[in-house]
Each structure stands twice: as C-alpha cells, then as structure tokens.
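Given below, in the form of structure tokens, are the structures.
Paired with chain B in one complex and with chain C in the other, chain A is shared by the two complexes that follow.
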Partner chain A sequence: MKRSASGLMAASAFLLATAFGHAAEPFNLAIPLPLTGGQAKFGEMMKRSYEMAAEEINAKGGVKGRKIVLSFEDSQAKPDSARAIVEKLIDVKKQPLIVGEYTSACAKAVAAVANERKTPYLIVASADDSITQQNYKYVFRQNVPNAYYAQGLVSFLREKVQPKTMAILYESSDFGTSGAADMEKWAGKLGCKVLVKEKYEKGAVDFKPILSKVKQAAPDVLFMVSYVMDASLLMKQIKELRLDAKLYAGGAAGFALPEFVDNAKDAAEYVMTATLWTPQVKYKGAKEYADKYKAKYGDFPSYHGASAYSALHVVHDALSRAKSMKSEDITEALKKTKLQTAYGPVAFEDKDGYQNQCFSETFVLQVQAGEHETVWPYAYANKKFIYPFPRWRDRK
Partner chain B sequence: MKKPLIPLAVLAVLAVLPFSGLSTYMMHILILVLMWTTIGMSWNLLGGYCGQVSFGHAAYFGVGAYTAGLLYFKLQASAWWGIPLSVAVVSVFAFVLGYIVLKLRGPFFALATLASGEVLRITTENWNGFTNGTLGILIQERTWVAKTQYYYIILAITAFTFLLVRRLVASKWGYYFVAVREDQDAAESLGIDTTKYKTIALVVSAALTGICGAFYTNYMGFIDPHIVFALHDISIITIMIVMVGGVATQWGPLVGAGIMVLLAEWIRSIPGLGASHQAFFGVLLVLIILFLPNGIVGDFRKITRLFGRARA
Partner chain C sequence: MNAAQVEVLLQTLIAGVLLGGLYALIGLGMTLIMGVMKIINLAHGELMMVGMYIAYWMFSLFGIDPYVSVFIAGPLLFFLGILIQKYLINTVLRVDSILPENQVILTVGVGMILASAATIAFKSDYRSTPVKYGTSAFYLSDLWKGSPIELSLSIPWSVSFLFALAITAGLWFFLQRTDTGKSIRATAQDLDAALLMGVNVQRMRVVTFGLGSALVGAAGCLFIPIYYLYPALGGQFTLIAFVITILGGLGSNVGAILGGLILGLFESLTATYVGMGWAPVGRFVIFIAALLFLPGGVASLLRRRAFGK
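For the complex of A and B:
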C-alpha cells in the first residue's frame, strides 16, 4: 500500500515537472546542517542565509536558467548522521556537489566521504585547521582555518594593548583546543606570558572555580574560546566575581553571535571578539545582506550567516562557469573561483600547508551600548575602540 | 527442530542484501544497524540476562575505538589490528573496572558505570600527549571506498556475537546469570559465586562492545572523545535499543537497532517536519515503552493480538 502510494506521488511529481517544461527543471540542493541540539543556533542562522541567497539567485534567473530549490537535512551535529546524509545526497539524489555542515567533527566526516566519492564539498564555517591539510582534492573551505581566526585580534593586541600577561579559557572541543593553542603561540610572539590556560566542559553551569583561579593570577587579558551559552555565562560570572582584566576577548564563534549580547546583557558590554566578518565591512553586498537579514529576523547576522549566504553565490558562480553539471567540472570551476562576495573576495589557494583554502581578513568586534561594533582593523572600523575596560565597580 | 533455521535464514538474507543493488546510503544505514545490534546484544548479556543495568557501555566502546585509533596514530599500524587487540585491552579494562563496580548493586551499580564512561571521556580529553585530546584521531585514508567489505566485516562480528550470546545463555552459565538477576542473595545461598559470574558477563559484554568501537574507528575514520565516549549517543542509545527491541530476548537487539536507526533516519528525512523530528521520534519511543513494556519482541504476542490475528 505504502509503496504504491509513494510510487503514485513520484509519478505525479514527474508529470508535474514535465508539464512545466524541461527548461525549468529545478536544481535541487540539499544542505546538511545542525538544526537541533547545542549547535542549532548556528544552523538556523545559516539556513536563513542560504534561503536569502537562493531567493536572490532565482530572482535573477537561477543557475543556467534552472531555479535552485533548497532543502535542509538535520545532522544533529553527529558525524554518523552527517555522513548518512551525504552518502544519500551523493548516491541516491545524485547531487553533484555538497555545501554545508558546521561543527569540525561533522565537516571531517563529510570531507572524507566527499573526497572518496570525488564530489566537491564547500565548507562554510568549520574551523579545525587539519580539514584542509589532508591533500583532499575535492574539499574547499571558504572560512579561514582556526589558526587565522584571531589574527585581527592579535594585531590589535600588538598595536594598542601590548599585554604582559594573559589567561586563556577554552571549551573542550577541537575548535576550542586548537583556538587556544594558536593564541598561546601568538602570545609567545607578543612577549606576553600565559598565566592560566584552562579547559572547561562545554555546557557547564559553574565557571567560578576556574574564574577564581584567573582572578588570583590577575592577567592583563582574558581570552576565551566558547560557543554561545558558555560565552554569556562566562561573562555573567566574571561580572559576579568582579574579575577585573584590562581586556576580555573571545575567539569568534559564541562571542560573535547577537545572542551573546541578548543573554549576557550588560555583562557583555565592552567585550571584544575576533570575527571573520562584520555587518559593517565594506565588501560589496555586505550591508545589503546584513540589513535585509536584520529586517527579516531582528538581529544582525554573524560571520556564519554571511559565509553561508556567500557560499551559495560561490556555488552559483561555479555552476554557471562549469562545463557541465558533473562533479569533475564543478570541482575545476570551483578551483578557478575569483568572486567578490558579501563575505569578501573568495579564491581557493594552496598555501602554508593548506589546500583549496580561502584566506581573508579577520576583524575585531566590541560590544558598545548593547551592539556589536567593528573596531579593528582601523580601515574597517565604524566605532572607536574603548580600552582599557572600566573596572566593574566603576560601571553603573 | 525448526528453531536453528531462523537464525540461518536471517543470516542468509543479510548476506545477500548487498547484491540487491542497494545504494551506499542504505548500506551505511545497514552497517550502523548491524553495529548497534551487536552493541545491543552484548549489553543484553549483562543488562538483560544478568540483570546488571549498565549506563556506561560508551566506556568499552570508546576504549575499543581508541585502541584502534592509537595503533594507527602512535604506531602507524593498520587500525584493523585494533579489532583483535581491543578484545584483550577492553577485557583487562573491564575486569579491573568490574572489580570496583560489581560490588555495587542496583542503582549504585548503574551510577558507577555511568560515571566510569564520563571519567574516561574526560581523561581522554585531557591526556593530550597520549590521545591527542579533543582534536581526536583522523585516519587519513580509509581502507575501502565501497561499503560491501565493511558490511561483511560487521555482519561477521554480529553473527559471531549472536552465536556467542546464544551459547552462553543456553549453557549452565546462562542459568547462573538469570539466577543472579532474579535474586542475588538466593543465588549466593545456592552456592553460585555471583561476583565471578557477574564479572564474566561484564567482561564478555565489554569485549564485544569494544570490537564495535574498533570497527567504528576503521569505518568512520575519525574519532574524538565526545563521539565515542558519549553518554547519550552511545550509552543511553544502547539501553534504548534493547528496551525497544526486548530485554533478555534473542532478537530484541536486532529489532531495536532497526527501529532506532532506520526509523530515526526515516523520520528525520520526512520533508517539512524540520527540527521537530526528534520530538516526534521521542513520542514514538514513549508510546512503545508504555504499551509494550517488554519490547517489541518480548510483547510480540500482544502485537499480533492487537492486529487482529487472534480474531479468527
């Protein structure tokens, strides 16, 4: 019964498709994302951004006259689910390329499958350095790897802060661990001593023991790598403990999301964070995208959304240039990408031990009066940075 | 007389499945079903027959996975050697752990096993020099691109586990296990060395789970502490598989794994359900446990009656 019903549905869908003519046969693109669980906030923002990009592309005629029809598959941030989805897309749906995923663990699982099956995979916001260091021919990454995340922040520290001491707190994940290790290296180059380097369980509720340790060490700078719930909780407890550092900084991810400010409220004030993109960057289309997103969903998007939004434009560009819709031709076209996007210039290079990696500038945001403002690099800043931070007891 | 034919028939069907032109996607799902079946059966030996409800099977899964991963990572050996080696490593580990936790009973045992899984996860996360910490272990190139080989390997492991558990349960030891489950003090008074038989059940159960862990490393090509020592995604799912399928039944784990993997995947792919698929699946599981407390296999008669076979 069930089989015949689905057979009927498939047949009628086929009839409908043919009735509307061959030329308009849509280009189906399914995107794996975390839509439930701890990373759902990021997945949601990316989903909205993909949809916005698809709408624009379709309004301009789609890919070679075919409309892009998006669908989303929830991988729950589990590598085996992500792999199941991608196996299905490649093998059953015959999708010639893969875009998406968020956590590094899932991206690793997807990248391995994509490369084995010779299907191009465009990574949008997974940070772990090693993903593009495996000599994968078919794996492309649009965001800079983790080692570069804090570049903008480090240049700010070097030129404006010159810290003598630092404390690093990071969550126990590959994103947190590699982010903290990279910052430690930078600190060494800045001649800054790392007094405390502590890992915490992500999703923890009480950070006071490790924060007390930080308070005792009294570092100039406190650097934290966290996803969104931990980020706001950390700042709230820092405020409660009256832990005064000259500067609190986050390593992108949780600290760069609007939810961070919403959740941490006034404890988020002045906090700086590294980020890969800001709504104020002077890339063509960035402002339009950010404003449109804000009008629709009430908040400015973070770099995750911008990268997803631009990734679909990169896909559109590659598909339009590709000789055919075959994976090999799309890979070739992706490799030759030179596109100005809202996320910045996108081109995939083999450099510094990375393959098919896009390198772009990174920025520093600061929360001022409850909004994320771009304060560094100087050329992109829309507000002047506030430093040193006022002590907690001097704040209202 | 009819009985031994059923497992052979099931095995034959499973053995020819790859020739029916299944997509690699279906093969991936089937591999996961078989892997979970094996973990479920091994849990069933300890939790179902011997009555020691373990909330920490992720510990054995993870130790097995890391045995294979570290062989590759530290010694540049093939991770496949992890399968035989994990039997030894996990057995020793379970024996030592059993010495501590098997002295506890009921909820205390459950909590101790739960803690052991978590302790291991945190240890692996922090022992950077040895385990590569939270960065995990990535196998650069998996042995095969095709799924068929992996499928037959896990099928062999599953068949072996099925046979072993069946033999054990039918043997004298099996009766000791059940005696321990039903009333430990009574069993003791009858002269059964309960600690010994609980340890046997634990070590066998752990070693079988460890094999699956080693297989997982080879198959997925990437492990990190959060994945293989996961409390929810491994330990709890294992219990759910056996609960849904049927505790202390031969076929329960297979049915349970089929439901937990296939049905979850199917519900996840229903278009338009979006992020609510997990709630939907959760409600379904609650209903199964409410109305079929002995699991689908355990309450099979109830199901057939419901669907009107008894009406005739």
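For the complex of A and C:
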C-alpha cells in the first residue's frame, strides 16, 4: 500500500514537472577546477571565462530555452579530489556531461571516471598525450595534445635557428614529463643533440645548481616546460648566472602568461614560448573575448581562458543538437561538432593514435619590451621575431 | 677535474650554503618551540606565509623594502605567536584528553585556518616583490678579468643569508646572556627543575612560541625577494623545518643551524650531480636516515664529542 502511494506521488510529480516546470528549469552544470592551491591562477582564469560564455549563452536564450547555471567545485589540482567530485556529479547529481579540470593528472583521473560511467567529458586545457590515446569513447579534448604544443616552435627552430644542441628542463608532472619527451623526439628529427634533460619538483627555490650544469654544457637552445612561477624563477636565475644560450624557449603553460613577465621582469625579455592561442589570432570572436576579459579583469587571458570560454560554446552547441539530455545523445552530438569558436575551429577527430581529439594551429610568442607578441607563424605574426638573443653581459 | 667542472662544483657549493643559511633560520624557529613545548609546530610554514604577506603588502602599498620588513613582520609575528600560544595551545594543554598530542593537531588546524584565511583575503594569486636588485649579482670575471672560471654571487641571496646569520647571532646572544633567554633554556632542559627554580614556565612557553613565530616570520621576509608567495605555500616549508629539526636533534639550536646547512648543501649537490628531481626524495632519505642512524640528530654528535673530552 505504502509503495503504491509513493509511486503515485512520484508519478504525479513527474507529470507536474513535464506539464509546467520543465521548460524553465535551469540546466545546472558543475565544473571541477583548481580554485585553491598552486594551480588556482589558471582555475580562476577559466572560471571567469566559463562565466563570460554562460552569460552570453543565457542572453541568447540558453540551451533549448533552459538557462545554464554554472557552479564550480574546487579540486585543488589533486587527482583524488577531482575524481571524487566527478563521481559525485555523475552518480548523485546525474549531470549528463562533464567539462573542466586543468592539470593533466586531474584530467586523467576524471577521464577514467567519466568513460567508465559512459558520460562525455570535454577537456579544455590538459596536455598529457596519453589522455586521448586510450580508446576512451566518451572523452573529448579541445586543446591539442602535448606532442603538438611545440609544433609552431619547432617549425621556427627548423627554419630560423637550426640548433645543433639543446638542453631540456621540465617539471616532474604528467604535463612536464610528456612535454619534455615530445621535445626530445622533435629534437631527434631536427638533428639536434639533447645534452641535458633534467626534471625538477614544482615549487623549487633554487635552480642554480642545475643551471650551472646546463651552462657548462653550453647548448644552443634551452627548452623549459614549467608553470608560471617556476618559469619566472628559472629566467631570473639564468640571468644571475649569465647562462647564455642562443634561444630560451618555454613549452606553453607558465611562459605564456602575463604573470611570467610581471615576475621575471627584464629577465623575461626575448624569451619565446609555444602557445595554443593568443589574443591576436584572427579567429572570429577571439578579439572580442580578449578585450572583454581585459576590460573586466585587467589582463589579457592566455589560451587556458580562451579554451574554457569556447568549450562552453561547444557544449551549448552539442546540447542544442543532441536528441535528448542523455549522456549517449550528447556524446553523439559532441562527436559531430563542427564549430568556429574564439579558440579556433573545433572538431573532434580520430587521428595519429588519438581519439576525439581537436587539432589546431599553435603559435610562438616572444617577450618584447615586456609584452607577449605573436612572432610565428608569419601569417599570424604581429611583430618580427628577434633572434639571436643578446648575451646577458651585453644587455643594459 | 678541469676548470669547467670546478666552476660547476663551486657554484653548487655557493648555492648550497646560501640556501642552507635560510633553511637554518626556518628550522631554528621550529626547534626552539620543539625544545620548550615538546611539540612540533605544524603551522610553522603558514606562519612564514603570514610573514611573507606582511612583507609583500609593505612593499606594494608603501614601497618598503622586504629587508626592512624583517623589523615589522618579526614583531607582528611575535604577537601572533603569543596569541596562538596563550589562547589556543595553553587552553588545550589544560584539557585532559585521550590523545596526548592534541596540541600538535591544534597547530595543524591553526595552519589550515591561516592558509584558508589568506586564500579568502588575498585570493590564490601568485605574488612577488619585484625589487630592483632582484637579479643583480657579483661576477668573478668582473672583479678579476683573467679568471679562468666564472662564478656569480646573487646579491639578494647573499643579503638574505647575511640577515639570517645576524638574526641567528642575535638569538644566540639572547639565549645565552639574558635572563629570559636563560629561563627559556632552563625550561627546555628540565621543565620540573625550572619550575622549582622559580621560572615562570607558563610565560616562557608563551615567549618561546612568539619567538619561534618571529623567527620564521623574519625568514619569510628574507625569502620573498628571491622566491614568491601564494597562500598554500606553507606546507612545503613546514616539511623542510620538520626535517631540519629532526636532523638537527630535536630542540638543539646549534643542531638546527647545522641541519639547515647540511640540508641546503645536500639538496644543491643532489641537484647538480644526481638530478634536481631527486632533491625532494633526498630530503626524506636524510630524514629517515637521521631517525634510524642518528636519532639524536647532529646535536647528539656534538654532545658525544663534548663528553669525550
């Protein structure tokens, strides 16, 4: 008796919901991000960008008439917290898709959870190659994998530098390790010998011992994969030691942020970095997004923000095309994505051993007079590159 | 060994000594508290973070040099330490509980509160004080034109190191020569005896916690010109201080200084000759080795020699 009564109530509630509430009911999307801890800087930039995108989407009527309501869950860049958050979102909150996270380690954990539960997961800025190499049907990645990060930079090296020797320093995370391994492969193709390849623990205070070793090896190119404060500290201490290489290059992430220049000051001058996006790219909506962000928060966003901003538009596009709000239908819609975004054209391909991977052009930035300028490829450059770099001794 | 190898070795040793001097100052504060209170203060790194924020704001708002802030952050941290000891730790000390070490757990809580409060108040942005002399250095080849090797000595690192030395010397003088200092040492040596000799143990505890906090706050001011700052930075330095305290011999000040220097040199040498990625591993190898083979730390070696005479 009891059971049938509660069944009746559930049924009537369901009827009521379909009759009235459904159309206006908001679409809740919780996004896991690092909002505290060492990676919070990136998390914050992404959060702002998601919010900007949600505002625009809602102003135009939302998803099938439903407003997108965002909330953010702090994963502190810890894979186990990210995992727990996403398990909760899928199992308890029944959220039909997941967007977000930042560090590769977290994205890896989330990808495994999402795929196991057949819930689509859109990655916005996590680089580790292996994430989209595991035949995950439900995992999509909008940013290029780490192996492609330095593509633009490598083409610059090939055409303008032709280095004979190289040193690679990288942080001992998934992102750093795969970035360094990929650069080593590229170096092999360029006929360039890797003299030193060393990793360090993020947050190190003193890089001078390792840098003196690099100085002794005297490489043509010093390539570093680091987050922002390590990047500034590295360049500051390179200046202190007068370690002269023909070219210092960063593999995206920290080197591409305005904070890198703010903190390293004159030591950042001439440093080049690979990046996935710049405010100067000629994609439709890129400039509007960058200007709006700058007006609101005072600085230009890096590719992390642009990717997050565009990812929500991709989600909106997929949800609008999906037959229902079920995970399977959303996955199918995501797979068929063909969207021009501020971040570039987004489509998910199976290519080169990657699945559901979006491939786009990468760029080279150089710090000139304290600003990041796009210098490569030619078609996108807004300033001419400066090479070779002057020796420290000769700088003012 | 050719000239280039000598250059790398010397540069590594310079880096190790400079780093070790700063580590020693961080370790000293924890050791002092350990000696008197017999507890590990696990909020130590967070107190350093507070000191760094003070230096940061003094610099950004009033243009006060971080090295001048040593004299601002030190006293402020002293009072913060006193408040923590007087109103939190002493209160817990009086309560009987199943866990004998609940003061330690309390310090973990204090650390968490400080870190979270900093995140709320200042956001998790990275901050640094871009001082003018941030990357200046002395170069051997500038001083001696014909030098076969090139060495550089960073100015901010050296200044921080000298400050650390001066503060350490000041502390030594205070502990050896003043009444309060002697009372603190007495409390550390034997609490009951000190009590019988009329030392106000309760007050010594409060002063010691304040002093330990002031030391690490000063260390924060010395670190910010060469490092950077964010709210979650404390844990890393608590760990370093902890390793130094164990290595130095719980509660021994000379041990902490030597422990800091050993750790700094060890990390630099590991970075050059083994690999920088191994430095944190090496830190814990030292930690475990000290526990296993030298349970009394460096201090026990010193004591053994003293008795041997």
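Details
Basically, the second predicted complex is superposed on the first by the 374 of 396 C-alpha atoms of A that agree within 3 Å, B and C clash if a C-alpha of one lies under 4 Å from a C-alpha of the other, contacts with A are read in each partner's own complex, and residues count from 1 in each chain.
The criterion applied here is as follows: a contact is a pair of C-beta atoms (placed from the backbone, for glycine too) under 8 Å apart; a residue touches a chain by one contact, two chains touch by 3 or more.
Since this is a predicted model, take the numbers as computed values, not measurements.
With chain A as the common reference, the superposed partners chain B and chain C clash.
Legend: residue contacts after superposition of the two complexes on their common chain; A:S172 is shown touching both chain B and chain C. Touch criterion not met for A:K64: it reaches neither chain B nor chain C. Of the two partner chains, neither chain B nor chain C is touched by A:K326.
When the two structures are aligned on the shared chain, A:K284 is found in touch with neither chain B nor chain C.
By the touch criterion defined above, A:E87 lies against chain B but remains apart from chain C after alignment on the C-alpha atoms of chain A.
When the two complexes are overlaid on their common chain A, residue A:L35 makes contact with chain B and with chain C alike.
When the shared chain is aligned, chain C comes close enough to touch A:Y200, but chain B does not. By the document's definition of touching, neither partner reaches A:K384: not chain B, not chain C. Comparing the two complexes, residues 35-36, 40, 172, 199, 201 of chain A contact chain B in one case and chain C in the other. Across the complex, chain C is touched by residues 35-38, 40-41, 44, 172, 198-201, 203-210, 212-213, 215-216, 228-229, 232-233, 236-237, 239-242, 259, 262-263, 265-267 of chain A. Chain C meets chain A in the complex at residues 4-5, 7-8, 11-12, 15-16, 18-19, 116, 119, 123-126, 128, 130, 134-135, 137, 139, 150, 152, 154, 223, 226-228, 230-233, 236, 267-269, 271-272, 275-277, 279-280.
Against chain A, in their complex, chain B makes its touches with residues 23-25, 28-29, 32, 122, 125-126, 133-136, 138, 140, 142, 145, 220-222, 224-227, 233, 265, 268-269, 271, 274-275, 277-278. The touching residues of chain A, when paired with chain B in their complex, are 35-36, 40, 71-74, 76, 78-81, 83-84, 87-88, 90-92, 105, 108-109, 112, 116-117, 128, 130, 134, 172-174, 176-178, 199, 201.
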